[in-house]
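Order of writing sets the labels: A, B, C and D. Residues in every chain begin at 1.
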């Protein structure tokens, strides 16, 4: 596969998004196959015990630990837009980053990346002031912290401008349009459910290309691909993706080895 | 006042125990007079913005910042006993300590002490296993962290045994019995409301003596005295206490200079 | 005072907006002077015990009980805009109305009105679809329930159109502009702090006139005036208002006697 | 099956114990097979939208709606003992019952029973004062409300004494000891996982007999059997139970037809 000289790809998943008393099926299988985990920090989901257990899974399966902070909206899973002030944004993020930091440190594991959740993640796609704020806040805590930014997002551009460490994320099971934006979930065809096509799209993304919903070929660049673990068949799909990447000799490595 | 050669006393107060949108009267006056602040971390009370604002007040008035972690019981203000597991205790504490750590660090202020809140504070008065756990957890995070332990508590003894840094706390407005235990609030005479007597008791505690509810003289040792700020007259009482201590040439210094 | 033939005015206040363990000063004085209480239902503030205690105060002082439902945003006190779906709106309201209904019924007191809180209250000022939804939901529960609508609001107009029972609310300590809209809090002069002027404005509102921030005389109609109880001097201001209304022989009665 | 002249059995399940954004697999299958649903009311789990959706499922599949109130402990799923006062108990229950009442009424469905959740459910097994309180509170709201009480519990006896409507509940997948008490989960053999044995035990319970963990035959009486839906195989087990009951001509009817 010398022609695309791929330095490798990270596979990340949002994790710890339940309470500790709720069981998840197949967690071992998930952690055997991903290289980075974004851990919910108790605002949109998760709790301290769940965070610790997820960090332990990361440690056991050699998965990179990252924070997955969200809005304080458990009923809406952090997906609903809320008008918060810059002061609220700052301390909501620091609070969540700090809580995971201490839990992970007590388990001997560093927190290496931050991926915003839900409405916050969507907001930095387009909002430059918010992107700058988030980058400033994260850098305050740790200059080496990797920010996960959506492909084609304002946050990606701003992070590059500011010289921040950033990992670009792509979705293999979501359609992009010709502008590089994710097609909203409510649009027909926005979610790709056929496992074969998802695997193909992963390989395409790694090569730097994705077919848009209009049928065009879009140049894409991604350091990490987001995998969902909460749907039926998701876990076997992840195994298929790993197999396909292995077949193509594409290294699957955590994002801190890529950016 | 050479006869009691007092090395000084710390005055602490529980703070940040509201939401950020709720106003408190007289905060400036409070922070001008105390030397240590125990900041609620969002479980029994408080929120990230309130934590940051309280840290800023500490910075402005040169007050030592400490964590005031509690049980996840906002409706009961962390005062109700809850049966939690050792795993829950550990990560509830680390979560709260971490959240304050990052917020305080972002404001350039170190977190120097931990004082448990409510039902947790009461529990370590008598529970040796719990005391050991708490000390182990706090030391894991920072070996220099000062633990605030009630006078006469099991936790105080255990901390000394383990060589942990500990500050002993006394209450000037609460009655002690002959065993050194606080008289429960529901008992008549358990709360001292007369300001003159409270000031007197502060001076007594500094000298190492307190009169019990039975009228006996009890030897007491305290590094820090807890002052309440939420009742009418509390703020002017604090000023009176400061004046009385100044008159006696007793240094009022933060606990990290004492233990 | 025959010239304005005032049928009377209701004085309402937002209440129960703390947790039950938090003390409020002067509650008795407040309940002696108001005729309707809007009780927070645990979403933006309040808890079940606090709700019951507030209903008991209403019963003791013969104050009309109303629900004061808000958004599920305790950190933001229900003041922040949140994007919620019609389904969420419907069941958030029914949940809160039901919770107060059972608590009040167990104490032998009917719930007679609903006043939305914070961001929801502001939204119905302008949003017709939302206003229709709220009216439909409230009527589903009880056709006799009185809706409190801001003067000049879309909700007021819609409620009249639909034949719903509605009480119009005015603010004596907030400036109106020439269009009848409240001047936003951040604008200089939007909040009237001089007690004398507030009393004057109450009398003006009862007479049907208010001076706008531009100095014009605006015709106003109000069944109820909102009084705040959380600021210094608020309670003595309420007493002054009662005295002034008594001097003018204006009956102060609960809104269910007016609409 | 004339010999035991069984008047029928109700099959109940705890439902709505997630947030509305969380998907559950197999809900239709569950609701096709149970006759009573206990709906979480937002304290230990659930939210207003989830409550409404669950009521709608009940309406669609003709399942009796009941309330499933719990302690305000979402992190502990209401399973942890919390020391609450009688006043807190009363208004926590009324709050939750009222919230479900209004949501169900808006959907045209009556709430016919109450089953306590978690630590509260366990407490009424033995605590007579608490049982009296709960019965008094529920009767205050609705004299016809059916209380679900564990077989062999103090609450069952107290409800009979007070002439309250009560449905006795048994567990087919949990071991009983010779005193009629449930064997604690941590004891080996306390949970019966073999589907064949669970079906057998259901038939035994309907006939009035259960084999204890010591191997004795215990007389048991039950109006309703609790079925779990959250484990692998639970749904097909429920279908097997329905089939076995049908084979024995045992009517499966909602508890309001039995008590």
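Criterion: contacts are C-beta pairs under 8 Å (C-beta built on N, C-alpha and C of every residue); 3 or more make two chains touch, one makes a residue touch a chain.
What you are looking at is a predicted structure, and each value in this text was computed from that prediction instead of being measured.
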item: From chain A, the most remote chain by mean C-alpha position; value: C
item: Self-contact between copies chain B and chain D, residue sets same or different by half; value: same
item: Approximate Å spacing (C-alpha centroids) for the pair chain B, chain D; value: 45
item: Separation of chain A from chain B, taking each centre as the mean of its C-alpha atoms, in whole Å; value: 41
item: Chain D: positions in contact with at least two other chains; value: 49, 75-76, 88
item: Residues of chain D defined as touching chain A within the complex; value: 19-21, 23, 25, 47, 49, 74-77, 79, 230, 232
item: Interfacial residue positions of chain A with respect to chain C in the complex; value: 72-73, 75-76, 80-84, 88
item: Parts of chain D lying in touch with chain C, wherever the complex brings them together; value: 42, 48-49, 51-52, 87-88, 90-92, 94-103, 105-106, 137, 140-141
